[in-house]
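Okay, handing you the structure first.
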Amino acid sequence: MNSAVELKDLKKNFGKTEIIRGVSLDVKSGERHAVIGPNGAGKSTLFNLISGRFLPSSGAIHLRGENITGLRPFEINRRGLSRSFQVTNIFPRLSVWENVRCAVLWSKGYKYSFWQNIDRLEDVRARTAEILDQINMTARAQTPAGVLTYAEQRALEIGITIAGGADIILLDEPTAGMSRSETEHAVALIRKVSEGRTLIIIEHDMGVVFDLADRISVLVYGQILATDEPVKIKSNQKVQEAYLGAAGHD
Amino acid sequence: MAELIIISTLNGVLYGLLLFLMASGLTLIFSMMGVLNFAHASFYMLGAFLGYQISQWAGFVPALILAPLIAGGLGALIERFGLRTVHKHGHVAELLFTFGLAFIIEEIVQMIWGKLAMDYRIPSWLDFPAFTVYATNYPAYKTFMLVFSILIFIGLILLLTRTRAGLIIQASLTHPNMVGMLGHNVPRVFMMVFGLGTALAAIAGVIAGAAFVTQSNMAALLGPILFVVVVVGGLGSLWGAFVASLLIGLLQTFAIASDWSLSKFFGSAFSPTRGTLLFDIWTVTIAQIGPILPYLLLVLVLIFRPTGLFGTRDT
Amino acid sequence: MSETTKAIPMASETSMAARFKRYGIWIVATIILLVAPYIFSSGASITTMCLMGIMIVFALSYNMLLGQTGMLSFGHAVYYGLAAFATAHMMNWVIKTGAPIPLPLIPLAGAAAGLFFGIVFGAVSTKRGGTAFAMISLGLGELVYSSSLILRSFFGGEEGISADRTKLLRFFGYNFGSQIQVYYLIAAWCLLCVILMYAITRTPLGRMCNAVRENPERVEFVGYNPQFVRFIAFALGGLFAGVAGSLAAINIELAQASFVGAAQSGAVLLAAYMGGVAFFVGPILGAIIVTLLSIKLSDFSEIWVLYFGILFITIILFAPYGLSGLLMMHAQFWRGPLSSRIARFGKLFGSYLVAAIPALIMILGAILLIEMIHHIVQKSAEGPMMHFLRSSRFTVNTHTALPWVGGIVALIGGFFAFRMTWPVVAKAWNNALADAQRSGA
Amino acid sequence: MKWQLPKKLLGVAAAGMLAGAGYLALPQKTEAQSATIKIAYVDPLSGPMAGIGDTGLKNFQFILEQINAKGGANGKKLEIVPFDNKLNAQETIVQVQKAIDQGIRIITQGNGTAFAIAISEFVTKYNERNPGKEVVYLNYAAVDPILTNEKCSYWHFRWDANTEQKMAAITAFLKDKKDVKKMYLINQDYAFGHGVRDLAVKFLKERRPDIEIVGNEVHPLAKVTDFAPYIAKIKASGADSVITGNWGSDMALLIKAAADAGLQVNFFTFYAGGTGGPTAVKQANLANRVYAVGEGFANIDHKESQAFEKELRAKYGLSLFYPRGVNQMRMLAEAINKAKSDDPKKFAAVLHDMKFEVFNGGQGFMRPDDHQFMQPMYMAVFGPIKADQPFDEEKTGWGWSIAGKVDPKETLVPTTCKMNKPS
């Protein structure tokens, strides 16, 4: 199998504080990969490095073999990697429809066009409708995103993330703060939208993790403790000690 | 040459400190509340007029105390009943509120005092030459301005770093919610800060009004340059504002002192035809462009170092 | 299923009704522009309408930055003014060389100049948004304005560059000597620019501008470079500001340093904001009202700037979405059968009328007091008699108690009476809302 | 809930808009047939220059009251109607247009050459395009020579001596002041300042070639807060006199900074007499050091003008800033009387080459070649008033005393004007 995302001895420090202390990881194409770890382990920072939000202090990131270290987020996105955010990050005063459509535009090749009527772009309209259908928000299309419920906003966040048709998707705690039934719904959605793509997911809900993931990486204090299949992670002694057994995680 | 350098340095420091006196209140408000107070120079003008009026009735010292108190109180009221209302609509609305306020203050001042310059004089007990450098007199009043500005600077630094109120202010700046949780009344802190900031502007007005011209257009004359000081110095940095004030003061003063132009540099080797764009550029002297240097500095600083010289945060 | 189709905009509507819906508004606008000079036919009205047309283009171009893309600029007049100078030079060049270019094509030169400077200055200033952008625009504005007094050969010093618009090639027999011909020239360009700017809001770039305004960071993660979005929006804003500046230069046959100055930048900011930046029509309304006020108010009072300032602050405090925001609040009542709409609005405006009477008394009382204070302090030489708002009929003696008492009573009494009407308006509003929801359901 | 507050205030907004719309919709009355002759005063009445505009307006109001008391012109009263040009070229044209639309056919303006040129060109084009509805422009203070040279117009008349004439007057006065040896030129960096600078160089070379020009400086217009650095340069140059065209706060601040630094030189100025100037000179305590050039001063020993001045001060509390304004309006009234018509086309033909006894006494005349009024000029110096001087300025206790009178022939500079006389 080909490698989708490969991290090579990635390091990141803020001032004197080291957050990521040498992470190497190889996520295969088509794999559903979960990253777990206690609070402050550096999971979100890792996503920020991969998606180009932060520059790594050292090390390299490869996307399908291409070195993308130092590229800007939009350049990485254009290469087919899309991410969601832990704290909902949408366009609050735009409608749900507009939110998703903004995320569709680049992938359809319209770039910075100011000479085409957006409402007449049939491929954009169809794709947007398809995404709304997938995230079950067709009925809410004209609602401003800012007034949606929390769970709806999380769903929209996923919608925006997948709309561009990226084949590598990073989801940062997509079910955080959801009720049991909402979580189930979200998991089904994630399963559906990640079909045939590479998925990297940060998740605290172990039920979700073990339900969804093909492989799991455990990140503790800026380093990867173990990467393996769910069953093996469960039985990994080091992981047991460092994480699953430890009290205080949520 | 040495004479011109020494005198220019002195003048530059004097001018820079005056700028700092005016900008200190602005930087306080800006860093605290994120509000670029467009009406700041208007409070400076208000301070000058109040200072003039009170000194007519009671003398200079009461004016120096009362005028900032009145202006500061007014500032606090405006924050409480105006700015706080627009706060929820975001920074643009706040900024435009102060933009409109500047018009109103200027008009009201014109209504009360008219549009002509006031006969506002420096007090007689400060009206003598303090010292002489190369046969140029330095009036006692300017020395007073210099000392006063430094005192204000030290006072502000002490207030912000050594007193409980100052610590609350600094904390409200970075963690308003947390400070609120701890039981401090953050809106009231904001109100106090706005009052303090405007009072500082008024002090500058009382002092500078007597030295220069007290007229209703004095706000427009100085307004934009204060933004330059605050932004170049770096947001929330009193030290930055201090250094930027001195830098701009010296920059302008030395620019004026120099007659250098491209045509002087190249001599007669090349001379463009009169009336062309090149001729204009060729013959303009540094002295002529002195007053626009701060804006050039502003643009350059923001492009290459967006946090300002001493700032820690992005603008 | 019907719910679904309703919620998703259809790709293309082809029926006659839909066509009219799309183009009808522009047809109406064209008719209004065509007949306006016959209704407001005095010379001053036509001059005023010319300025309005210029300001509409200018304010809309400004709103491409502030309202659409979230960039607060304090130096938008730079593009307006530089284009005006380019236009004046262009006209003089055409006159000198006799080039076969008629006046109606001259604004293209302004557009090119606006675009050029938009690209040059946009490249340095749109790297950052927020306050940094605002401050850079302020600095650039000051720089260009100061340079205008140094670079005399281009800016013509303080007297500016003048040009005679009638000396160009005749355009179908018109030489544009009379103001009415200039009006139609401006109206045509204004309509064209408004249509273009409206169209731009409905393109991929237009929508990405909105996205950048809302959340520039997120934009980076859907494949767009927010800096480049801002840059293009800025350059296009410069282009349309250039057309406006060009029209201004044609209108008064002069380009002058104040065109690039801070006052001009401030004026367009006021116009856009008072009209409301959240809606496309906002700046149009704002441009019309600000132009009208700035020309007319000074006829009534010397202290018109005070009233203007108070009006501006009132809008910021109580109508943060501007005048268009106030209007758009009523859009929600516009549903159901026509007769019920009319009835609903009738009741609502009835309640406004009830509130308006005491409000008007209050405002008049305040104005009377302000004018009397101004008269006493500044105009004592003219004696105690004051012509209220320069009216020849209504004079008051400021040295007697009656007008003062009357002013105070009107102000305070009007205020309390006005307050008493608030529940009436609130009730009417709620009724209308409930009614509208019933008929919408 | 979100809209609660605006909802309540919607009423006030709607009411305000209604009222405003109603008010603005009131028809404009046209005054073509009225019993007064209206003169539009188009100058800044708001903004940073409002003080100057306001003072001028009061001057003219008083001048017209006096003329009306003597019967007005052609049996009609004269009235000045203020229009605020907001110190903006575009607004200036709009206000002139408004005035014309109200039936006003006499425009007067003075502050700012830029606006003067704009009005002059507008009026000229307007008259060309609207024969029979001619409008005339009376300029009382815009002094750029260009208005009576390259850009001269038959419809423009100027009562103020232009920059060239004023410089001619100053240098004529300097001919006899042999103690002036080193001259420093400091001026504002714009067309007028440059004009003063270039003319000073030219005339000094002609009339006092022995004077050494030790410095020649321009500074930005209305942007300098502290002139100390400039004073330092003047001091370093060893100058004993300064020529400056500065006005407004640039004048006041220059004088103050000079006094602060203890610079004791003579200032030969154009506008030390402008508003705020006397106050600044007094504050600086520069007695008998600051000179101003002008066509009239309060303390000129001339009974009629002193009585006029006295009455103006009693009524408005300010001095007569524009003796030329009196000339302008009196000549206008007389021209209308002579032409027996207030049609600009007719009385302009009378003004064209009119001779007139000026306000402070002496003969003046309108030069028909360029419509520049020629009059005696004075150099006055500011200091504590003497027993025989009735008037101080700005309540300072100091006043202007006449240091020299310059005959019109000294200021009769040539013109390049080629005037297009209407048929």
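All chains are identified by letter, namely A, B, C and D, in their written order; residue positions are counted from 1 within each chain.
Keep in mind that, in the parts below, a residue touches a chain if its C-beta (ideal position, glycine included) is under 8 Å from a C-beta of that chain, and two chains touch if they have at least 3 such contacts.
Here the structure is a predicted model, which means the values were calculated and not measured.
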| item | value |
| --- | --- |
| Most remote chain, CA-based centroid, reference being chain A | D |
| Pair of chains ranked first by number of touching C-beta pairs | C-D |
| Mean-CA-position distance for chain D and chain B (Å) | 34 |
| Centroid distance [mean C-alpha coordinates] between chain C and chain A, Å | 44 |
| Whole-Å gap between the CA centroids of chain C and chain D | 35 |
| Sites on chain A at which at least two other chains make contact | none |
| Interface hub residues of chain D, defined as touching at least two other chains | 47, 54, 189, 220, 223 |
| Of all residues in chain B, the ones touching two or more other chains | 110, 114, 288, 291-292 |
| Topology of the chain contact graph, where touching chains are joined (line, ring, star, complete, other) | other |
| Chains touching one another, given as label pairs in label order | A-C, B-C, B-D, C-D |
| Touching residues (chain side chain C, partner chain B) in the complex | 66, 72, 124, 127-128, 130-132, 134-136, 138-140, 142-143, 146-147, 150-154, 262, 266, 269, 273, 303, 305-306, 308-310, 312-313, 316-317, 320, 370, 373-374, 377-378 |
| Residue ranges of chain C in contact with chain D within the complex | 42-44, 47-48, 51, 146, 149-150, 157-160, 162, 164, 166, 177-179, 248, 251-254, 256-259, 263, 292, 294-296, 298-300, 302-305, 311, 314-315, 318-320, 323, 325-326, 329, 349, 351-352, 355-357, 359-360, 363, 381, 418, 421-422, 425-426, 429 |
| Of all residues in chain B, those that touch chain C in their complex | 36, 82, 85-86, 89, 91-93, 95-97, 99-101, 103-104, 106-108, 110-112, 114, 224, 227-228, 231, 275-277, 279-281, 284, 288-289, 291-292, 295-296, 298-299, 302-303, 306, 314-315 |
| Touching residues on chain D, where the partner in the complex is chain C | 3, 5-19, 23-24, 28, 45-47, 54, 58, 82-84, 86-91, 93-94, 97-98, 100-102, 112-114, 117-118, 121-122, 125, 129, 144, 146, 189-192, 194, 220-221, 223, 315-317 |
| Parts of chain D lying in touch with chain B, wherever the complex brings them together | 47-51, 54-55, 189, 217-220, 222-226, 228-233, 235-236, 249, 252-253, 256, 260-263, 275-276, 279-280, 282-283, 394-396 |
